[in-house]
Each structure stands twice: as C-alpha cells, then as structure tokens.
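Across the two complexes that follow, subunit A remains constant while its partner is subunit B and subsequently subunit C.
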Partner chain A sequence: MLILERIWDFYVTVFFTAFNIENIILLFGSVILGIIFGAMPGLTATLGVGLLTTLTYGISTNAAMITLLGMYVGAVYGGSYGSICVNIPGTAAAAATAMDGYPLACKGEAGRALGLTTTSSFIGTMVGMFFLAVFAPIIATLALQFTSFEFFFLAFFGIMISGGLTGQDLVYKGWISGLIGLFLALIGRDHLQFFPRFTFGISELDGGLEVVPVLIGAFGIPQIIQVIRDQLSIGEAKKFQRVLPELKIISKHITTIVRSALIGVGIGAVPGIGEDIAAWVSYGAAKKASKHPENFGKGEYAGVISCETGNNACIGGAIIPLLTLGIPGSPPAVMLLGALMIHNVTPGPMLSIEHPHFITEMIAILFLASFAMFISGIFLAKQVVKVLRIPPPIFMPVVLTLCVIGSYALGTKVFNLYLMVPVGILAYFMQSMGYPIAPLVIGVILGPMADENLRRALMVSQGSFLPFFTRPVALILFLVIVWMFISQTPFYKRFLGGVKARIFKQE
Partner chain B sequence: MMDDVLRACRMQARSMKRVILPTPILKLRESGNLRKVMDKVQLRKKDFITSIILIAFGIFMILYTLTEIPMKDSWGGVMNVWFVSPGLFPLGVGFLIIIMGIVLCNRAIKDGGAKKFMEDLSRREKDTSGKTLRLLGILLVIVAYVYLYIPRIDYFLSTMLCLMVFISFFYFDRPDFLKKLFTFYLVGCLLFLGLFLMKADKQLNKSFLYTTDGLVFLFFLAFIVYSRVLVHGDGVLKKRWKTTLIMSIVPSLILIPSFKYFLLVPLPVEGAFIELMNIIRYSFR
Partner chain C sequence: MKKYCLLAFLFVFVLSGLSLAQEKKFPVRDITNTVVWAAGGGTDVCNRIVSGEMAKIFKVNINVINKPGGVGGSIGMNDVYSRPHDGYAWAGVSESCVTAGVQGGWDKRMYVWDYFIVGGSPDVISVTPNAPYKDLKELMEAAKAKPGSIRAGASASGSIHHLNLLALEKGAGVKFNYIPYPGSAPAQTAAMTGEVSVVVTSVAEQQQLIRAGKLRPLAMLTPQPFTMKDVGAIPSSFVPYPGLSKYLPIMQAIGFAVPATVPENVKETIADTFKKALATDTIKNWADSNYYTLSGKTGKAAKEEFEKLESLFAWTLWELGAAKVNPETLKIPKP
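Our next item is the complex of A and B:
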C-alpha cells in the first residue's frame, strides 16, 4: 500500500510540475544555465548550485528544488562539453571524459561523442533516481532507530571517510581539513547551553558561521584565484554537426552503462565523495573489463559512456544520505543541504515524518531534470559550445561579484562577506598544499550534529562511554573509524605487506 | 624458470622502498622524476610549517577551552557536569588537531621538509613566473572590494570598480601592465584607507552629500584613463580595453537592479548611483 501510495505521489508530482508553465521555465532555465556553468572551465556544479541557492530564498521550496536540481544535473553533464571540444574539462567530474572524448573530437566525431555523453548522462541520472526512490525510504526507516550514540559516530564517520577518500597527497590531510571544518562549526553559541565558544566578544559570531557564505567562500574563492593565477587558456573548440542520441552504440555498451551506474550510485552515497571520483572509478572499471583496454585514451566509446554514466548516477546516490541522514554525499549536495536549511527543511530521519511527500517530490524533480537535460543537450549543444570562447579573465570577475552578492543577500549582512573572504583564502592555500576542501565543508555541516549528539548520548548514559560499544550500529561505525586510522599507520602497512608477501610466496 | 625470476624481481621491487635502477633508465626518468621529487620536498617544507601551526593551534584550542569554557562550574543557573559541558567537543577536536599536526610534522621531517625549511631560511627564492604578482593582484581586488569599498561606498560603484580593475589586471595579459595597474590601484586604495581610518569620509559626506562616492568615481575614471593610456597604439589591446569597460558596466547594471528591485534585497550601501537608479525606476512607475 505504501509503495503504491508513493508511486501515485510520484506521478501526481511529475504531472503537476510538468504542467505548470512556471515550473517548466524554471526547470529548463536552470538546466541550460547548469550546462553553461558546467561547460565553462573553472565553474563547477558546486559553485553553480551555491550561487543559485542565494536566488531561491524568496521562492517556494518546490520551485527552489526544481531550480537547484536542474542546475546540479545540468552542470554535471555540461562539464563534458569542455572535455570533448577543447580538451579542458568544464568540471572535475568531466576530467575522465576528456581522456576519450577529445580524441573522438579530433577524429571528427565530436557530435557523436556529445550524443553519447548526453544519452549516457540521461541514463545515469535515471538510474540514480531509481536508487534514490528505492533506498531513501528504507534508509529513512532504519535511521529512525538511530539514537545520539549512532548519530555521533555517523557524523564522525562522514568526516573521516570524506577526508580519507579525497586526500590526494596524504590521507590525513583530508582528516586535518575535516578537523578545521569542525573547529569552524564550533564558533558561536553551543546549541545545548547557549554558551559562546571562540567568539572573542564579537557579537556577530554568536549565532555561529552562516553555512552558505562559508560554502561559497570555500568553493568559489579558491576556484577564482586558481583559474586566474594559473592563466587557464582555452583553445579553439572542435567543430561538429548534429548531436544525436546514438542509441545503437549505447545498446552495444549496456554492460558498461549498468556497471558505471552502480559505481556512480555507490560512490555518490559515500559522504563527501563527489562526481569526479565516480567518473574516474567508472572509467577505470570499464577499461579493466574491456577486451581492448589499449584503445582507451585513443577515442574509445566505452570510455566516454562509462564516466558520463558514473558521474550523473552519482547525483541520485549523493541525495540518498542527504535526505535520509542529513549527511551530504557530494560537494554540490552540501550546497543543496544549505538551500534546504534556508527553506526550513531539515534533512534527516525526521524528514519523512515532518514532510511526508518531500522525498517523492525530489525524485520527481530529478526525473524531470534528466529529461530537460536530455532535450537541452540534444538541441542546444551547438549554442552552448559558443560560451567556451569567453576568456576566464572576463567571466571569473563576474563570478566573484555573484559570490559576493550571493553571500550578502542571504542575511543582508556585510559580516557574511567578512567571513566568506578569509574562509576562501584559507581554502585556497589549503588546496594548494594538497588539502581537500570537501571534508572541510562536511566538517562545518556535521560539526553541530557530532557535538550535540556526543553530549546528548553522554547525558543519557550519565557519562558512561559503554553504550557506544554495546549498540551494534554504533560499534560497527566505531570499528570502521578505528580501522581507517590504523590503516594509515606504518605498522599496519608493514603488517599488510608481510601478509601479501607470504601469500605470494605460497603461490 | 624465467617467470619465477621475474616474479621474484617484482616482489623484491615491491618490498624495497628505493629501487636502484640501471643508469640508462635513470637517465630516461631523471628529468620528470627529479621534478616530482623537488615538488614533493617543497610540499613537505610547507607541510612542516603547517604542522607547527596546527600543533600551536591545537594547544590554543585546548587552553582556550580549559580557561574560557566552563567544564564543571555553574553557568546561567545550570550546574554543569563534564559530559554535558560545551567544552567537551572543542577539547576533543583540539586534541585531534595536535595529534594530526604531530603526524604531519613527523612525515615532513622524514621526507626532508624540515631540512629544506632550514636551508631556505637563509636564502630567499625569487618568483620568476609572475604567479606571485597575479595572486597578490587577485587578493588586492577581493580584499579592497569586500573590506574597503562595500561597507562605505555605493554598491553599484564598488562593483563597477572591482570589475574594471579585476578584468584589466588579467585580460590584457601583459605582466608589465599588471605591475603598473597594480601599483596604481594599490596607491588609490591606500589613500582611501587613510581617508576612512581618519573618518574624514563621514565629515565630507556630512558637508556635501555623496562626496566619498564622488571621489571613488573619480578614481574609477582615473583608472579607466590610465589603462587606456597604457594600451595606446596596440589594436588588440584597445579592443580588449573596450571589452573590459563594457564588462565592468553591463553585469553591474543587470545584477544590482535584479537584486534590488526583483529580489527586494537592501544593498550594503545605497549611495549616489543607487539613488539615481531609484529616481529612474520610480519615475517610470
């Protein structure tokens, strides 16, 4: 009954959204804007969703979600334009697409490559949506059984795993980034006793750091500085004729699509791990499974299909923990969380009780956004490629002004800007030293959750740590966290090396 | 037999940290690898500095928590116990930051980062790529826009000036022009900073309405003229100068009225230009 009710809800939402002219304009507008944003090198999906968040605070939650999901889907897909046409990925998620997309364009098959990315992105988003529809209610029901003990470890686990998987240089740099995020989350009055912490007498800090300016600063400012400082220059875009769905090629690569979609959803569901990792892992898996791995990097269709399916399937995956546990699965999902908070929607286990139709609405919007992306991709590709001609020194300053007015507009406080700039500069220097930024923002988001739940749990147990280890889910999360720490120690690595050597010897 | 030898070699290579390669292979790989090693040492040098900052910061967090946040005392009529204290979590975070700082420091020392840091203390490296100036240029534009102009000057004018300066710094793509424009803008900003610090702007605005807006507008015009003088005689740069001018005005004209009149956002400072916009807007109502 519940399932039938949900299916009915889904179709009703799709029908009412699709037959409302304002919603359709918003949907197509945001998807096209997202594609343009994604196509332009230096502008990311995260930044796009963040900037658009600031424009949506005056509209209804439903319209805001249409706009933001449209932007998210469009921007993740749009990254492939730069990869294929100029060999510069529009977003990090499309970096893997350039490996085979650009060689295809050099062979005169840019239109075909774009057709493949459009169709596989569409399929990827649909698969992600399917998993969101199936797993979100199950996880939400399970999460209702969680108590403060589990939520403390869950928040900590989110920061740890995000730091561990995004650290490019050293794993613990990701953790350090997460800890700095936790510190930023501590600033302001604590939520249980309202005691001011690290405010240094500045009254504007009493309410804590506002999430959206911090997010815009952390993702926007480093991007602006990096693109301008490193003098990113864009070459002449490869020409192409028409973009077609390329169903024949797609049907030949159905195994690659299924595999990549599953990888995308799985990686998306892991906190803080974004579309870029989903694309690379999908690409690697496709290459490994291929009968002709030597063709990868020379214009192999499977290469393009795998990464585009993977990164778009990641969207649905990233929304699963966001809606059910309040833990964002990817950096753009962090921005979505900020937007939901502005609209007084608190994601987490209580979401399905406080807003019973919300998850279904999100699924329906994702469904429509993937169609809008497919239609826009097929018909507007040629026009969108023209934006690649705009040099970064012209559009990056405009992005700066958007970041500034966006951060200011949310609370109409100049203090938000005073926060945004140092956070942005800190994020830039951290990034240049190999510290990932995603764990930092995850730390800012999950900090209050970890703090409150730790103290609530100890209050319940009257100061005893024993329940942390007697409750099964809490114990599993604790063991995983401990294992993540230990796996980075030289002792563990030596031990693992010894075991491997012994196994090889026996062989 | 051959397979066994190969497998043994592979295993040995895996277990050894440093594999001594034959000279020809070394020669082949030298250039790329050397650069990587150099970059890594440079990174570890930065890690060494960061680790010290992290340890110091962690100690500060713990000291702040222990001295400023009640662990067991009464606060606001509530008697605290250690496990509900607002200081519990900061204490844990501070402790973890210190541990991570020590781990990072250890790694930096092992990889030669500390040694490099000590070596570089005595000599100063000069940046030949011009990236430092580019970075300083970006930071100057952002900091001046947010901390100097937005809180005091008409928002439209501040945005226009920021766009003009930012685009002309980098769109001309000439390091010598960047240096000159940077100096020009820096001097202007310092003059305005002096004016604002002495609170002379308030006195001037009291005597004559929008005086500071007028002064900044004059600075904006001076910047336009100076950049035009710089590009004089170069056809391509002249075209770029025109684009810069258009791009400093058009986005401001779209963005600011959209926020002010459609999203109804009151802007930080609504000075002479926004007043003018109001007059135009309400005369058409």
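Our next item is the complex of A and C:
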C-alpha cells in the first residue's frame, strides 16, 4: 500500500512539475547554469549549490529543490567538459575523466567522448535515483558504520587509489605525489587543537590551503605551459562526428556502467566523501576488470564511462543519508542541507513523518533533472566541441585568464593567486618528471579528513591503535589498502609471475 | 579666469553632491554574509533565514557563505574584518566567537564589531538510547567513579557547547573524555554511530533526533526545564546540582556583525531592516517551530551583551585552563 502510494506520488510530482512552464524554465536554467559551473575551472558543484541556496529563499520548497538539484546534477556532469577538451578538469570530481577523455580528444574523438559522458552521467544519475527510491533506509544504516577510525582509512584509501591508478611508469610516483598532497594539506591550524603548522607566521595560511586554487594551479598551469611549449593542437575537430552516442558502445560497456553506478551510490552514501572518490574508485574497478588494462590512460571508452557514471550515481547516494539521517553524504549535499533548513524542512529521521511526501518529491525532481541534463548535454556538447577549432595561441591565454579569475573569485582573495602559481610551477616540474598530478590534488582534498580523523580516533580510543583492527569495516578497509599496496609492487608481480610459471611447468 | 574658477567650483560641488547622494543609498550591490561556522549548524541556518528575509526588504542578494575554522571562528572573522568596512561584508557570528581572543586567533577586543542578535536555543545534555544512564545523576556518578572514561562529544573547543560541558564538569566535579568535532551536527552523528555516548548541543540542533528516539535527553543546562512536543518535560540540571548556577547558564547569542567603523547611516539602515525582518511571520514561525528564542538586540544593547559574554567566556576559559592568552593582556575586564 505504502509503495503504491509512493509510486502514485512520484508520478503526480513528475507530471505537475513537467507541465508547469515555470518549473521547466527553472529546471533547464539551473541545469545549464550547473553545466557551465562544472565546466569552468574554479566554480565547483559545492559553490554553485551554495550560491543558489540564498537565491531560492523566496521561492517555494519544490521550486527551490528543482533549482538546487538541477544545479548539482549539471555541475557534476559539466566537469567533464574541461577534462575532455583541455585536460583541465572543471571540478575535482572530473579529474579521473581527464585520464582517458583527453587522449580521446587528442585522437579527434572529443565529440564521441562527450556523448559517452552525457549518456553515462544520465544513467548514473538514474541509478542513484533508483537506489534513493528503493533502498534508502537500508543504505542509511551503512552511513552509521563509519566512525573516525573508518574515515581515516577511507581518506587514506582515496589518496592511495588515485596514486596507484595514475602513475605512468612507476606506481610509486603516484603515491609520492599523493603524499606531497597530504603534506600540503597539513599546512594551517590543525582542526582539533588549533595549533598553527607550517604557517611561518603568515595569517593567510591559518585556514590551510584552499582546494580550488590548488586544483586550478595543479591542472591548469602545466597544461597551458605544455600546449604553448609544444604547439599542440588539441584534436582535429573536423573528424568530429555525432554527439549522440552509438548504442553499441553503451551496450558493450553495460557491466562497467552497472559496476560504476553501484560504487557511486555506495560512496555517495558515506558521509564526508563525494563525487571525486566515486569517480576514482569506479575508474580503478573498471581498469581492474578490463581485459586490456594497458589501454587505460590512452583513450579507453570504459575509462570515461566508468568515472562519469560513478560520479553522477554519487548524487543519489549522497542524498540518502541526508534525507534519512540528516547527515549530508558529500560536500554539495552539505549545502543542500542548509537549503532545506532554510525552507523549514529539517532532514532527519522525523522527515518522513513531518513531511510524508518530501522524499518522493526529491526523487521525482532528481528524475527530471537527469532528463534535463541529458537533453541540455547533447545540445551543449555539440557547441562545446567547436571550441577546439580555436587555435591554441588564442585559446590558451583565454583559459589562463579563466583560471586566474576562478582562483580569485572564490573568497576574492589575492592570496589565492600567490598560491595557485607556485603550485602550478611545482606541478609542471613534477609532471615533466613523470609524477601524476591528480593524486596531489586528491591529497590536498582528503588530507584534512585523514589527519583530523586519525587524531580524533586516537582521542576516542585514548591512544590505542587496536580499534583500527577490531572494528569490522575498518579492518576491511585496512586489508584493502594493504592488498592494493602489495599488489602494485614489483616484488608481488615477480612473485605472482614465478607462481604462474611453476604451475604451468608442473602441467 | 574667474569664470573658469567658478565653473570648476560648481562642477566639484555638483560632483560631491552626487557622490554624497550615492553614499546615502545602501545597499546598491549584493551583500556577503560570511558565516564563521559550518553549513547546516545553528548559526548558519539562522543567518540564512534572516539574510533571506532582509534581502527581500533590501531588494539585493545577500550571499551567505561559510568560512569555518580557526579558534572561535577566528578565520572567518579575520577574513571579514580585512575587507572594506562599508557594510557589504557581514560576519555571521555566535556567542562562541568571543573566545577567539583568548585562544590566540583574534588580537582585538569584541567591541570592534556592531552586533545584530537574532536569538538562541538553550543547551541540553543527551546520551545514546542504549546508554545505561537513566538521569543526569546516574551519568555523573558513573563519570565520578571513572574520571575521563565516558566519551562526550561537542563542537570545537571554545564553542558554547564545549563551555557548557566544561561548566558542567566544574560545577558537578566530574571529568569526561571530551572529543571535539567541527560542529554540532557531526558531534550528534558521532553519538548515533556510538563513537561518543554523551553529547552536548542545543535543543534546536537535537530536537529531530530526540523526537525520533535516536538520542535520550537527560537534562537542560539552564535553570528552567523545557517542554518538547512528543517527548515531554526535560528537567533542569540545576535541581540535582545547585552548584551549577555559579557557572551556568551560558546562552546562545546568534546573529551577525559588521565592523564598528562602518558608517553610522549604513548601520542604521541595516538595524531598521533587521528589526523589520524579525517582525515578519516567517521568522516568528520559524523560531517557534525550531525552538529558538528571538532577541532582536542591535546597537548599544547588543554590544553590551557581547562584551558581557566576552568577559564571561574569556575568564571562564582562563579559569578552566582552556585559554592560551591571558585575558588580562587583552584588557578584558573580569565578569
């Protein structure tokens, strides 16, 4: 009975929203704005949802949710534009997409890559929505399995996995880059006792390094220098075919899509980490499962599909603990929480009693938002690819200007520019020496989480490391990290090779 | 020559008149309200609600952003104070911000700001539903028997909830293992996951979880009991422990502030609009349904309240051994 009622609610909301011209304008407007936010370096999904939150104060709760979810879905998807076209991810969530998206663009397949990301983002959002609708109460309990012990391992896992996946020649280089990021994250006052660390008396460093200038500096500056230095022209836009993806490619990668969507929902449901980790883990899993892992990083369709499905599926996942427990599952969901409180809807265990239709409404809006994203995406992608026809000597300075504005706009602090440039130069030299950049950025993003939770966990256990190994979820995470570390070392590979050789000999 | 002089004089006169007229008008562009605590917390939501109502009257946007971190929100406060003192940069603050000075994050006194106080919600001490303590007395006895063994969560050290916890420890002569969290919401989540068994936050922040049975309230940290829908009366902690009156209550004062050097006419415009916003039904209904008491203090009265809080907080922290900077060096008077 309850389920029938819910399904009825769902169709009623979808119907009333879709046949209201104001809502449709709001929906498409915010989705397109979201895509632009996502594509521009420096403007992130979190910032977009945050900025729109205050604007929604005057409108109804329903319209506000249309605007905010549209923005959220659009921005998470839009990040892939920058990744594919210029190798500068618009958001941290799209950093993994650049791994294979940019090589595809270099091959002249930017149109196809954008088509694939549009479709897989759409499918990902839909799967996330489905889980929100059906399994919300079950997944919500998952969120409560995570305490400081698990959060530390999770943050560390995120840094390790992005390091392990991006190293071009040696896997250690990825990890070294991740650890440099982790170190950079320690700058500033620590969050538990407020002791200033590595600030050298500079008050701007008290709050730590801001993620956005680091993200832009680390990805943007090396790319700009490289393109101008090597006179690279990105992809031949002439070869660009259709944006509507061939169903053949999608159906061929259906297992990758399902796997990535499940990973995305699961990671979204865990509080504190969001789309960026979902994308990396999906990418890693796709690489592990692939028959041709050596093609990853050189323009593999599965690479693009996995991370875009993963990061969009994360949205539905992140909303689950938000609505059922009042715990936001990702940084943009934190902003959504604020927006809900403004509209006098307090998410939490009482939500389904105080506002019985609210969760269904959110599901219906997410459903519409993913459609709006798909339609706008297909139209926009066609135009975006034309950008690649602009010759790099004109295009790159424009990108550089956008990078500078993006770094400065957040908090309008000139200090962010002083931060962006050195990080960019460091990143350029690291890249020239074959160190991947993505783990460094992930390290800066997840570093504070790792640091704070490790020390809080030790306060909780009064100095004992034992709970790290006696708590089941923590132990699993620990074993996964150890296995990931060992399986990537040359020693293990030699050992495995030796074992295989011996087995074959005996036969 | 004379003619030119006269013309030039007239020109300057007209220009200055224009610029004066422009100065009178506030606001002409969007305002940024920087909340110094995390999104979704009491200060954040309160500022968003009030900013939203004020934006309607002002007819410009008031962008509410969060800049948490530092001690007592010092990072956000320093950030706002470093911007032009023109009334377009507000700091969304709460009573806990007065501790920034003695914790070494803010080298000025609190009278450098002018405040607009919305109100606050009283603090309550709760335990997880499966905890064996049926009332405050049982919890205190258990804490006395094994000092430092019971884990108590509250927002960052120096926050009002931490101060309430410290005052409770001092007044009842017990010791908890205090675990700091970035805000009240993560502290309450930690209680739900079982990482801590005791949590001190405000009624407004806890009401959902209390009413859903995810947390069990033991006592109010105010002299009066509190009646909550679906739950009933929560007794005052002052009944079993009268000694607490020496340290408690420490009440919230949430609102926003602008640097005191902002032009008087701008401050007056903000105060007028602030009072109009607080009188709207939207705000009144919101306050009722969210367990807030509205204050509406501005100008001298608000400043006095914050100065009182500053001296109380600074010296309490110093007495409790939780301050880094001696309040005497900042010339903060004793309460």
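Rule of thumb we're sticking to: the second predicted complex is superposed on the first by the 275 of 507 C-alpha atoms of A that agree within 3 Å, B and C clash if a C-alpha of one lies under 4 Å from a C-alpha of the other, contacts with A are read in each partner's own complex, and residues count from 1 in each chain.
Throughout what follows, a residue touches a chain if its C-beta (ideal position, glycine included) is under 8 Å from a C-beta of that chain, and two chains touch if they have at least 3 such contacts.
Here the structure is a predicted model, which is why all the values come from computation and not from measurement.
In the overlay built on the shared chain, the residue A:P271 is in contact with subunit C alone; subunit B does not reach it.
In the superposition on chain A, contact is made by A:D169 with subunit B only, not with subunit C.
Of the two partner chains, neither subunit B nor subunit C is touched by A:F19.
By the document's definition of touching, neither partner reaches A:F491: not subunit B, not subunit C.
Ranked by how many residues of subunit A each touches, subunit B and subunit C are led by B. In the overlay built on the shared chain, the residue A:V414 is in contact with subunit B alone; subunit C does not reach it.
Of the two partner chains placed by the overlay, subunit B and subunit C both lie in contact with A:M459. Using the contact criterion defined above for the overlaid structures, shared-chain residue A:Q193 touches subunit B and also reaches subunit C. Legend: residue contacts after superposition of the two complexes on their common chain; A:L144 is shown touching subunit C, with no touch to subunit B. In the superposed model, A:I225 lies in contact with subunit B only, and not with subunit C. In the superposition on chain A, the residues of subunit A contacting both subunit B and subunit C are 55, 58, 192-194, 459, 462. Against subunit A, in their complex, subunit C makes its touches with residues 38-40, 44-45, 48-49, 51-53, 55-56, 61-67, 69-71, 74-75, 78-79, 103-105, 151, 156-157, 177, 179-182, 185, 189-190, 192-196, 207-209, 211-212, 214, 285-286, 289-290.
Contacts from subunit A toward subunit C in the complex involve residues 50-51, 53-55, 57-58, 144-148, 188-189, 191-194, 203, 206-208, 271, 325-328, 334-335, 337-338, 341-342, 344, 346, 348-350, 411, 413, 452, 456, 459-460, 462. Residues 7, 11, 14-15, 43, 46-47, 50, 54, 61, 64, 69-70, 75-76, 78, 80-90, 92-93, 96-97, 100-101, 103-104, 107, 131, 134-135, 138-139, 141-143, 145-147, 150-151, 159, 162-163, 166-167, 169-171, 173, 243, 247, 251-252, 255-256, 259, 263-266, 268 of subunit B are the ones touching subunit A in the complex. Residues 55, 58, 169-170, 172-173, 175-176, 179-180, 182-183, 186, 190, 192-195, 197-198, 221, 224-225, 228-231, 391, 393-394, 396-398, 400-402, 404-405, 408-409, 412, 414, 417-418, 420-421, 424-425, 433-434, 450-451, 454-455, 458-459, 462-463, 497, 501, 504 of subunit A touch subunit B in their complex.
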